[in-house]
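Notes follow once the structure below has been shown.
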Amino acid sequence: MNAENCSLAEKIVSSSYVQQGAQARRARENLVRQLFEQKKCPEIGWDDMSIELLLQELAVMDSNNFPGNCGVGEREARIASRLVANRHYNIGHGIGRSGDITAIQPKAAGSSLLNKLTNSMVLDIIKTAGVQSAASAFVVPMATGMSLVLCMLTLKQQRPDARYVLWPRIDQKSCFKSMVTAGFKPIVIENKLEGDELRTDISAIELKVQELGAKNILCVMTTTSCFAPRVPDRIEEVAQLCAKLEVPHLINNAYGVQSSKCMHLIQQGSRIGRIDAFVQSTDKNFMVPVGGSVIAGFDKKFIEEIGKAYPGRASGTPSMDLFITLLSLGVKGYQQLLKERKEMYKYLSAELTKCAEAHGETLLHIPHNPISMAMSLRTIPSELATQLGSMLFTRFVSGTRVVATGEVKTVQGYTFHGFGSHTDNYPCTYLTAAGSVGMTKNDVDLFVKRLHKVLERCKKTGAAETLVEDTIET
Amino acid sequence: MNAENCSLAEKIVSSSYVQQGAQARRARENLVRQLFEQKKCPEIGWDDMSIELLLQELAVMDSNNFPGNCGVGEREARIASRLVANRHYNIGHGIGRSGDITAIQPKAAGSSLLNKLTNSMVLDIIKTAGVQSAASAFVVPMATGMSLVLCMLTLKQQRPDARYVLWPRIDQKSCFKSMVTAGFKPIVIENKLEGDELRTDISAIELKVQELGAKNILCVMTTTSCFAPRVPDRIEEVAQLCAKLEVPHLINNAYGVQSSKCMHLIQQGSRIGRIDAFVQSTDKNFMVPVGGSVIAGFDKKFIEEIGKAYPGRASGTPSMDLFITLLSLGVKGYQQLLKERKEMYKYLSAELTKCAEAHGETLLHIPHNPISMAMSLRTIPSELATQLGSMLFTRFVSGTRVVATGEVKTVQGYTFHGFGSHTDNYPCTYLTAAGSVGMTKNDVDLFVKRLHKVLERCKKTGAAETLVEDTIET
Amino acid sequence: MNAENCSLAEKIVSSSYVQQGAQARRARENLVRQLFEQKKCPEIGWDDMSIELLLQELAVMDSNNFPGNCGVGEREARIASRLVANRHYNIGHGIGRSGDITAIQPKAAGSSLLNKLTNSMVLDIIKTAGVQSAASAFVVPMATGMSLVLCMLTLKQQRPDARYVLWPRIDQKSCFKSMVTAGFKPIVIENKLEGDELRTDISAIELKVQELGAKNILCVMTTTSCFAPRVPDRIEEVAQLCAKLEVPHLINNAYGVQSSKCMHLIQQGSRIGRIDAFVQSTDKNFMVPVGGSVIAGFDKKFIEEIGKAYPGRASGTPSMDLFITLLSLGVKGYQQLLKERKEMYKYLSAELTKCAEAHGETLLHIPHNPISMAMSLRTIPSELATQLGSMLFTRFVSGTRVVATGEVKTVQGYTFHGFGSHTDNYPCTYLTAAGSVGMTKNDVDLFVKRLHKVLERCKKTGAAETLVEDTIET
Amino acid sequence: MNAENCSLAEKIVSSSYVQQGAQARRARENLVRQLFEQKKCPEIGWDDMSIELLLQELAVMDSNNFPGNCGVGEREARIASRLVANRHYNIGHGIGRSGDITAIQPKAAGSSLLNKLTNSMVLDIIKTAGVQSAASAFVVPMATGMSLVLCMLTLKQQRPDARYVLWPRIDQKSCFKSMVTAGFKPIVIENKLEGDELRTDISAIELKVQELGAKNILCVMTTTSCFAPRVPDRIEEVAQLCAKLEVPHLINNAYGVQSSKCMHLIQQGSRIGRIDAFVQSTDKNFMVPVGGSVIAGFDKKFIEEIGKAYPGRASGTPSMDLFITLLSLGVKGYQQLLKERKEMYKYLSAELTKCAEAHGETLLHIPHNPISMAMSLRTIPSELATQLGSMLFTRFVSGTRVVATGEVKTVQGYTFHGFGSHTDNYPCTYLTAAGSVGMTKNDVDLFVKRLHKVLERCKKTGAAETLVEDTIET
């Protein structure tokens, strides 16, 4: 309520009460002021009322909500269904312009503010989470894999002759597909088994670059967050190598923002070597619905190039979800979530160790993976083991993966032995579980209890049901 | 409420009233039954209550909403903010799997149903709107331009040697950028001026194919919906040519679903020639917020290939928006919108003709463009003309474009003369306006009234304000 | 967004776009300004976005939403469930204070504004609808009947000896109960049959006053809107009589605001005679959920007395519903609704006449009732006739009443012959239907079609189902 | 989704995933089943999704939401504004019928279920909270004071000669007004000062009954929850006296449900004496917006009589708010709230004691009041003391009351000396604060901190501001 309307209100109800109300209102406006001034995620999260007030203020600034506006273009953000309008807070213009997905839109000052502020806040959070030198970041409404495609296509414009991507193996389909879809030939760098862990083979990368020629290589694509027993790539060494050999370096940091270890690797890599961009999922790191990723990097100009490579306007939903979530959590709230995640990871690890021991199994020793862990399934016949995932899923446990040795799978024409285990022949069958952001103690307790029952059942009956055919998601 | 709970309810309030209520409920369940059986957009639109009931039913079937579920994966669709959860009806898993954006998700039966049904309904609507032979369609949460990139990258896998895209010129940035981003060299086919219209130069295309060699050409990319004075490409002839020369044919049908003429061209082209895929925007055709497009085609298998090329899960928001909107409108409702659009196009055309004549201008004669029209600005000095758009925008008219002759612009390294007018040297400066879906009589009346005033002002003062620097969006 | 925040926004996105947005915002603030200045229902209804913005602004001014507020009272408008908070827009303090239901609340400037403005707007609408001399009105969250109780209890304080209420008979339970609950002895004034109509017996009232003594009579309670074949009371004559005899006059105008005839009677009565207060339902006249009524009158002071008689704070929901609805409709929108109602009344009348004639019945001639009409059921055996209502209800026709002659009912210890028909022995059994605000042509068509079928069935089979025991609501 | 639709869904997405979803759905249906079977507040609170699903199911059962329904009555629950419809979940018929506010409505099976279940749950909670013998309870959408009016008017029908209500003094306006509005003469029974406490004078009551004659007395109206230094009445002794003298006994238990002591008094009183009804506010006890109260008692038939005395249908909002809140909290959640309240009461008491001592004041010794406490203000000049409330309010402390000695106030024609302090001449000026349900540690800390500052300021300057004229609400 502006000053004039407040004055009028004072004639309707008592002046002092209105002034008190106006003072309370100013407290909320100050939150907005700070946000606009600092363009950072607020320390303390906002309440929902303040967030919704700002969203409505922004909506009011978009042309489709102008009273008396007449639209004679081909795209006027008209919304047919009020249910749809409601869920978007009447914001309809999406983000970006045909020339640049991070550009401001003349017709949509509110949407543009939302977009700019979200990118700014997410950069702030990435710095806070450990990559202090990050120079630029933006939210793009595409899966991590498709965002990697966009990064590669942008690199391609600088390296027109490049045909290969060097890729320390990680058995996750969309990651692999991203290289193929982008039109490149993936060169698989097999991992090295060190103890129970699968780790990057640095010298194999170097050899490959020499063999193929640096200018024929678009980039090395490494991975941080991944399923055990693989561990984050040796980002620092790869970054040094890339700097030395003048090969770009792209990082798939899908759910790595939640882990200080992953973020530290990237920060260190950028300090001592070369990292062109790193990409992370919004849903996996920030507890929003699936739909977006954040492309970030250390060279503002190159990140801008990627933004400019996206042809057309795009969905503003992942940005709005992140905008709301970051305002709601605040830096403190997000740090608290990360702290709890770390505790849950430890708790899950401890409980799973007990469960493993009770069944003659072991929790594999994978100290370098800060999120995912794996428990051996040596005592269970492999035909039973592969059904464990389904059995757990029908018991309302989601997210476990059982990986049996010897699986052969063809992805986009490439054949992988031992697919799922990141190596041709891992020593044993195992089951993975992850300590991810948002996990609760209750999740862990229920999981371990149900796992225990299922393992017992497997041993007793020697048979398992097959209610769900496929619960292994990659 | 299931039968058991209804029986219990009959013990609390009178049995006959509960039965009456239950009967009313069954009427709503029948709507769902028909939808599931036919997988088509319903003839008559649903009321919001029925839509929300179904959305909640679907949400209940996703694992993140299972009571007692425990999630131990890295991606469990946890949602931190309740505002975010609300706007997504608690649906968080997005669409697709890492292997295929149209695949069903084990963890999310509800989301998967929503996705499948939306794709099925949208195919139905595309058929109803005129492309009866369409065999497959799916919603992808990307701009039309980015979706064209995906189509080109998929084609590339079949034509590894292809380096060129033949492109009858249309001065719209994202369209041009899509070819460059996908890694191809655009070959511009200049339009031919026929009367006031700019039309496809068929023989120039044929010559270029012969010159470059069919196998080096990824595809011809034509456009239907476009700004006047350009008109939809001669789709039928291009399709015949592509069939003959064995060159793929991609159509940018951005806002063409709303026009029976555009749709008819595609249908005819497919009947007598070759069309590999046609892409349309969801916001421009279906009045949903910006964010998605529909990729459709006549060969089910090829369209599936495109779906499989997208690496990763993606935002379900454009699908959900379309799901709600199509259920809400029904076939009848959408046809009514299209009918009204046609009438508004005629009305706008008539009113603009009057306005033009009153100011010594003409409405250019562009009969082949069913959506966009252009009025000459011959009597106004060009330095003034270019400010008309801004002047109109500050008067709350959005969507007009003024295109002056002689503009030179460089896009992605390519230089265009007369950029905006689709030709190097269009005979006059002009202003465009479109009769798009959702436009109302009030929009037209306000626009013409304000245009009239602005034109008068231009003539009187010989000067114009410059409040807004750039309101021409492309 | 205040000026400071707008300035900051201009540093984030282009200044001119922000200014355009700010200008659009001012258009909405002007709506609020006009409302606060004029305190009248706006001529043109507001869009939902403007209404919700204002509701949020008001919520922000209530102490339970003050950031940093600490509450140490026994009533701090804390809301446990967010679903509940949402549906009240976080407004929780209700209306009024312990001393006065129309008083402003120190803790709740926003709620107080909402309450004051609603009362002010509703007075405006009552004037517009025909009672131009109305001096005061307020919304009270009670049924019409309970509000009549409050009026009577307030009158009682001025007339401590009064024991009787004179009541021209209307067979509607809550009306009768209101007198008994308020502690008075109802004196029934039987209606006179004039043609098919039942009308007020003025001389019987006068005789009763003389018989009982004016000072022993609390008031005469008349009724405007009522079921045919009764018609609105002769308000003018009763008002004159009350003025002459110095007896207060209370009017039950339950759903009379929607009828210019009812409102005209009240206006005329007040001009030439005495009316102390008239009470109307919010749901029946303004299409809001059941829950409130409006107490209005011509003596500001007396209406204030009634407000002061309500002990305690009360629900703000009926006020908020009316606030939203009146802002949304505007004067024009409400007048349009009333116009359509009048047309529907005529249409229903015409269609029902046809239906009646087709079945050998007549539409009773009741020209003085502007809302309700009745069709004779002379050709149908009475045991069947009474089941017609149920039969219609199971066919999804709600709101009809079948009244058979000879019904005897005891209400609060008083025995009524011919209950339902407003007289001891109406000449025939009949069915009523009403042309109420919000009724559509589709309602009429469906009703007449179903009635036709049911009447046919009655005649054919000579039997009826009894699915619903009681659908006659009074 | 019913079985048929599930089967159809299995043809669209994988059968096993649909079955898993259906199983999850059944878990939610079971919650409904238990609710319908037991008609009790669930032990464990429901999640919002389950609550909203049930609300929608109920809405579907009301005639205004029947697809194809045609309404031809005068009241069809049509809702003009979608904002209003949304906030009521499309439920519009209110509660009750003209004959009985607790009756079921033929047109509204869903609303009726909601109403019945709420009354049933609230009775359960009252029992759980300490009044195990309560036999009946219902929610009425009126303030506690107005509900007391309804109780008195119902008693009046049994005691037509009664003219007096005996009332142990409590200085709260709506309570006093309820007797006057109901048409009775309040007989004030002054409290006795015992230590710092003000307690019921039992023998004064007995003397008054003898003096006025039992049959002339409508009832004794006692109070449990009240501002210190008054304490809950000696309910047990009054109840015994009422039983002996055959005088009805009404209890104002406004915010007493939250205190086991108040509830225990009522339970004991009913066991050894007479209590006809006890009334409590919904907002003060259950953290819902202002608007309703619960009328409860030990004689089912008498409570029903009260329900039947309300003339007309009434707002369903307080019932819906309570329905949602009780489902959301569950018995456990509510008990947890009560437990925390008790702790906060102790904490507030301890902190206030420290603060008092630091300023040379004392926390008055009022052990019998379980909610409200008072701190002396002996060292501050009374003209300053009275401004303390305003000073605190402008510092965002709401809910304190400063009561100075010597205040004389006339309420409804009755003059009270020392108004606010429940006695003519309390020994000192004091400030009250309450430990109410929902209070947080933060509330206490902020309050004590701000009080401390204000007291310091008072002493230093010897002067105070007067920003807010009146913040003492009663």
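Labels for the chains are A, B, C and D, by order of writing; each one numbers its residues from 1.
Note that a contact is a pair of C-beta atoms (placed from the backbone, for glycine too) under 8 Å apart; a residue touches a chain by one contact, two chains touch by 3 or more.
To keep track of the chains, here are their UniProt names: A, B, C, D = O-phosphoseryl-tRNA(Sec) selenium transferase.
These numbers were taken from a predicted model, which means no experiment stands behind them.
Shared contact partners of chain C and chain D, listed by label, are A, B.
Judged by contacting C-beta pairs, the busier of the interfaces B-C and A-C is A-C. Two copies of one chain, chain A and chain B, form a contact in which over half of the residue numbers belong to both partners. Taking each chain's centre as the average of its CA atoms, chain B and chain C sit 48 Å apart.
Rounded to whole angstrom units, the spacing between the C-alpha centres of chain A and chain B is 28. If you average the CA atoms of chain A and of chain C, the two centres end up 56 Å from each other. Each of the following residues of chain C touches two or more other chains: 14, 17, 20, 24, 52, 63, 66, 68-69, 82, 105-106, 393, 396, 468. By the touch criterion given at the top, residues 14, 16-17, 19-20, 24, 82, 393-394, 396, 467-469 of chain B touch chain C in their complex. For chain B in complex with chain A, the touching residues are 48, 51-52, 63, 66, 68-84, 87-89, 91-95, 97-99, 105-107, 141-146, 148-150, 153-154, 156-157, 172-178, 180-183, 225, 227, 254-255, 281, 283-284, 286-292, 309-318, 321, 324-325, 328-329, 337, 348, 371-372, 393, 396-401, 433-434, 436-439, 442-444, 446-447, 450, 468, 470-471, 473-474. Within the complex formed with chain C, the chain A residues making contact are 1-2, 4-5, 8-9, 11-14, 17-18, 20-22, 24-25, 27-29, 32-33, 36-37, 39, 47, 49, 52-53, 56-57, 59-63, 65-69, 90, 104-106, 108-110, 112-113, 116-117.
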